[in-house]
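As written, the chain order gives the labels A, B, C and D, with residue 1 at the start of each chain.
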Amino acid sequence: MTQTRKRIPIERVSEFVQDGDSVWLGGWTVVRKPFAMAYELIRAGKKNLHLVNNPGGPETDLLVGCGCAAKTETNYIGHELFGHPYNFRRRFEQPESNQGFRHDDWTVATGSLRIMAGAMGIPFIPTKFLRGSDILNPELDGFRDLRGIDPKVPKRKFMMLKDPFWEGEEVVLIPAIRPDVCLIHAQEAGEDGTVRITGGLFLDYYAAVAAKITIVSAEKIVSREALEDTREENAIPGEAVDAVVEAPFGAHPTAVHGCYDNDPWWFRDYLKASKNEGTMQKWVDEWIVGPGSFKGYLEKVGARRLGKITADPELSYSATIKRRLDKLEEVN
Amino acid sequence: MTQTRKRIPIERVSEFVQDGDSVWLGGWTVVRKPFAMAYELIRAGKKNLHLVNNPGGPETDLLVGCGCAAKTETNYIGHELFGHPYNFRRRFEQPESNQGFRHDDWTVATGSLRIMAGAMGIPFIPTKFLRGSDILNPELDGFRDLRGIDPKVPKRKFMMLKDPFWEGEEVVLIPAIRPDVCLIHAQEAGEDGTVRITGGLFLDYYAAVAAKITIVSAEKIVSREALEDTREENAIPGEAVDAVVEAPFGAHPTAVHGCYDNDPWWFRDYLKASKNEGTMQKWVDEWIVGPGSFKGYLEKVGARRLGKITADPELSYSATIKRRLDKLEEVN
Amino acid sequence: MAPNYSRLEMMVVAASRLLCDGEKVLVGTGIPLVAAILAKKTHARGMVMVMEAVAFDSDPESLPFCVADPRAVYRTTWTPTSAEVMCHFLQSGKIDVGFLGGAQVDRFGNLNSTCIGAYGLPEKRFEGSGGASDIASLAKRTIIIMNHEKRRFVERVDYITSPGWKCRALDWKSDVMRADVGLDGGPHAVVSTLGVMKFDPSSKEMFVETYYDDLGVSIDDIRHMTEFEIDLSRARPMKPPTREELAVLREKVDPEGIYMRY
Amino acid sequence: MAPNYSRLEMMVVAASRLLCDGEKVLVGTGIPLVAAILAKKTHARGMVMVMEAVAFDSDPESLPFCVADPRAVYRTTWTPTSAEVMCHFLQSGKIDVGFLGGAQVDRFGNLNSTCIGAYGLPEKRFEGSGGASDIASLAKRTIIIMNHEKRRFVERVDYITSPGWKCRALDWKSDVMRADVGLDGGPHAVVSTLGVMKFDPSSKEMFVETYYDDLGVSIDDIRHMTEFEIDLSRARPMKPPTREELAVLREKVDPEGIYMRY
């Protein structure tokens, strides 16, 4: 077996990400998002990141809001039913806050195909989706002025080709996604990087393989022997992972199957704060800069709130938490 | 949950396969091959089948030897270290036994890509493999005279395309595989068709989704509740399966992880018999036609031999069986 | 006596009735999820409810907050990724019904969930397609559910996120029928807070099939709340929710009022 | 005193020595498997042994009979399919070493495992490429292992299953260097029952690096058993197997003699 020990402390994550890198953020909207690592990137003041994911959640809105991202390339950025991605929106709706920000719209299926192509090392893949939609409208291509110039952006958004093999249908060729860095949060990982994920892998395996560098934070670092016992549940081989971080509650405020649920208090506060630049900056100071570390952040969240969102082991989610922000009761 | 009960007796399998169909045979060379179902096709006298698999094992050599197959399209047909696929070979080496038989050569990786494309419903997929190899040599295309004529054969074997998105590499477009029928043997299945496979799924999921009709035989039919408990190990959803058959030892003489090992006595006898048409026909009469059913076949194999190959539950294979055919001891 | 249910509830019940037992239904986050679960817990027990992120043949005990929610995979027997759900099942034509919300719809059932106003400098930017464009493209039929407002039922959507019956040509310079760009399926119904709209088999334009008469909705209300001219000639009153439908919706599907905002 | 080991054993030991600790090695069924397991159980404990069907980071306790054998996945932590191994790891350039057998090899390391004679009507038809063509195409380097016979070391292989240094052009009408068809990597060594051959960095032609002197092999033997002209000027004697190498091979790797035919 491979002998490499890849464990690093969370403070070292930002060394693996360079300004300007394309970064895939694993998970799905408000589930299993690599928040502890995203907070590190913000504290390290990363700039000009090109964020790719499928789809993006609060971590993406936050990185946009903190000025870390110059480009987003995804099918969705939002908080599901909790509310709207105000930082992301502001870049569009208020030209003065745009700051050269660019966004390229895709879809869940085509993003899946594109990161699969990236994992396979092939430059493109055909699809039957996108025909008839403005998502391919060349006049509405958010990356139009970057194509052929920015090496992290494909030279074209798509190409049509008539199938030469079967019925001769016109299909759409779409480019692979090739991230520089992939950040994933998982339930368990081994010292060698093997990753166990339950209750939904999303596209994390493909992204881990497609990226040049992959870092996984996990609720728990487990032994090789434990991972041998869960073989059919292990989702990513250690060979696709460059570093692992032990970070309990490392996806907070998003949910982790079998571990904890969404933190509605976080969403309530964040949504209120993110509605304008000023309150947003105050929120960042209070919740990210101030605590100074992920440990400090969790202490600020508090054991009672973390207890409230802890999952029922049988159900894999919290059976008691309330999720309506307008009727939320305080915990303290 | 879906309520459909899809269980059929093994005798009904042949109703799902029509003469001339393209048939995907699951498993991998000498592992988890759908033998009980292949024997049914032989007893039913199926003709002109177009066999696709990745790769083929003794079941393919046998179907070729029994005159059931008019075409094979795969990367390998053989018995691994046990010996050579004499029936398949004869179609090439002895023109008088060719009978219009056609073979199209591929590779493991490109066969994988092609059945993935079939599962995705896209007509082709790009690859970086095959360049520089005679496998694409247009003058050595085994299906050359069928292209554009036989609707089960792609109009072309491949097409070159210069990548328009990234570095401009010349890649090879290869056609999807779209089987009419997929036959798989698994460790467990539910009445609704959900399939649990451990120790190697091979390409069975993709083939099950790509095929118009999928039939799964399983060592054991298990309850919905049992399948809920093994969720992360379940490989194929019931929605991709049209019928399930309970067939203990249904992959004999090939190995099934956790259940039984290869039967070396079978390979010894088959290899000896398959060296010429006459002894082959005798073998078929003795082992397939004579016993009349899979039950009769297993009785003929005998409980002692089946006991010998039964897997150690901890190891998932038999720790005691000897695999050198030249030193095999009899069991009776 | 005033009805004891809301237009939101009527909308969810009306939508749930369009789902049939035995169908594979690919459901989006939000109200579609509520209506699909209601169907599954009433008349369509054998419906296979699929969500793009991970849930396949889902039968949740507690209402999922999104399509990736651990509630959605409780006691399922398969946890695919969006590669399997969207690329293998949807792209290969194996999904019977797509069930979607949106911000704008037009007479041909084109859906916009991207932005209001010009794409480059919109008045309002939304979260984006998610899987909506994919689902509307290749499900065998699509059901749309949304609030009935004039700014939502528009003459022409500002951006075609999800193609309806008449959508962009492959040169993206004109509009053509969806079959001309290789798409099967198409919008089957738009279920709103005022009624249920369907599409004329020959013109492919939206018409009113039923309206929520019992809740005081008139066909004139629909006319006024719809920016484009809509055929009202076939409109008939909607059958109110049954006691069972309301009870299951309120007590089992969304007791917390997460989506129904009681 | 005559050596207490066979040419087959020397070949397996010589091949195992070419594998390095820490490398990801994609191994074919048969003798390559034996040599790779020997390396893993001696000097290359941290080598990641991968097999195309399912085994990833394999460290079997009992010799697998093929790359799909349950023995290959015993206590592994991941069971991929050939889609992951071949398409994700190999195609994307993540495999360090490909390790293959074959029926014929030529001076440029092209391998044939398809047929002897004309493709349409061969003297001898073999099982086919399996994963050999893929592995030889995109592993960072390829090691070939085969019996040294004149009918196997040929001027020109009858069919290029697996491309070597000079292979088919993209019009399939001429031969070109592999870089010209977009392939990286290439044959690194051919380990035979007589010696170890490498490829000249500039001409890309095979030359003899070592021969099994202790077993009575001379460079003239290699010349006579090779159909094409081969450079012998750099040949030096091979270091015999160590006691440990032989002990591990005989007692741990293949005690039954399945591959080694004791």
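As a convention for this text, a contact is a pair of C-beta atoms (placed from the backbone, for glycine too) under 8 Å apart; a residue touches a chain by one contact, two chains touch by 3 or more.
Only a predicted model underlies this, so the values are computations on that prediction, with no experimental measurement involved.
*Asks:* More C-beta pairs touching across which pair, B-D or A-D?
*Replies:* Answer to which pair has more contacts is B-D.
*Asks:* Please compute the C-alpha centroid of subunit A, do the same for subunit C, then give the distance between them in whole Å.
*Replies:* Centre-to-centre distance between subunit A and subunit C: 27 Å.
*Asks:* If you average the CA atoms of subunit A and of subunit B, how many Å lie between those two points?
*Replies:* 39
*Asks:* Spell out, as numbers or ranges, the residues of subunit A touching 2 or more other chains.
*Replies:* Subunit A, residues with two or more chain partners: 113, 120-122, 127-128, 169, 171, 198, 206, 232.
*Asks:* At least two partner chains per residue is the criterion; list those residues in subunit D.
*Replies:* 73, 79, 87, 91
*Asks:* With chains as vertices joined when they touch, what's the shape: line, ring, star, complete or other?
*Replies:* other
*Asks:* Touching pairs of chains, which are they?
*Replies:* Here the touching chain pairs work out to A-B, A-C, A-D, B-C, B-D.
*Asks:* Would you tell me which residues of subunit B are touching subunit D in their complex?
*Replies:* Those residues of subunit B that touch subunit D are 27-32, 54-55, 74-78, 80-81, 84-85, 88-89, 92-93, 95, 105-113, 116, 127-140, 160, 169-170, 198-203, 205-206, 255, 257-258, 261-262, 311, 315-317, 319, 322-324.
*Asks:* Taking the complex as given, what residues does subunit A use to touch subunit B?
*Replies:* 113, 120-128, 154-156, 159, 161, 163-167, 169, 171, 173, 175-176, 178, 198, 232-233
*Asks:* State the interface residues of subunit B toward subunit C in the complex, per the touch definition above.
*Replies:* The contact residues of subunit B facing subunit C are 1-4, 119-122, 190, 194, 206, 209-210, 224, 227-228, 231-232, 234, 236-239.
*Asks:* Can you check the complex and tell me which residues of subunit D touch subunit A?
*Replies:* 22, 24, 45-46, 48, 56-57, 59, 73, 75-80, 84, 87-89, 91-94
*Asks:* Using the touch definition from the top, list the residues of subunit D that touch subunit B in their complex.
*Replies:* 29-30, 52-54, 61-62, 65-71, 73-74, 79, 81-83, 86-87, 90-91, 114-115, 119-134, 137-138, 159-163, 167-168, 170, 172, 178, 181-183, 256-259
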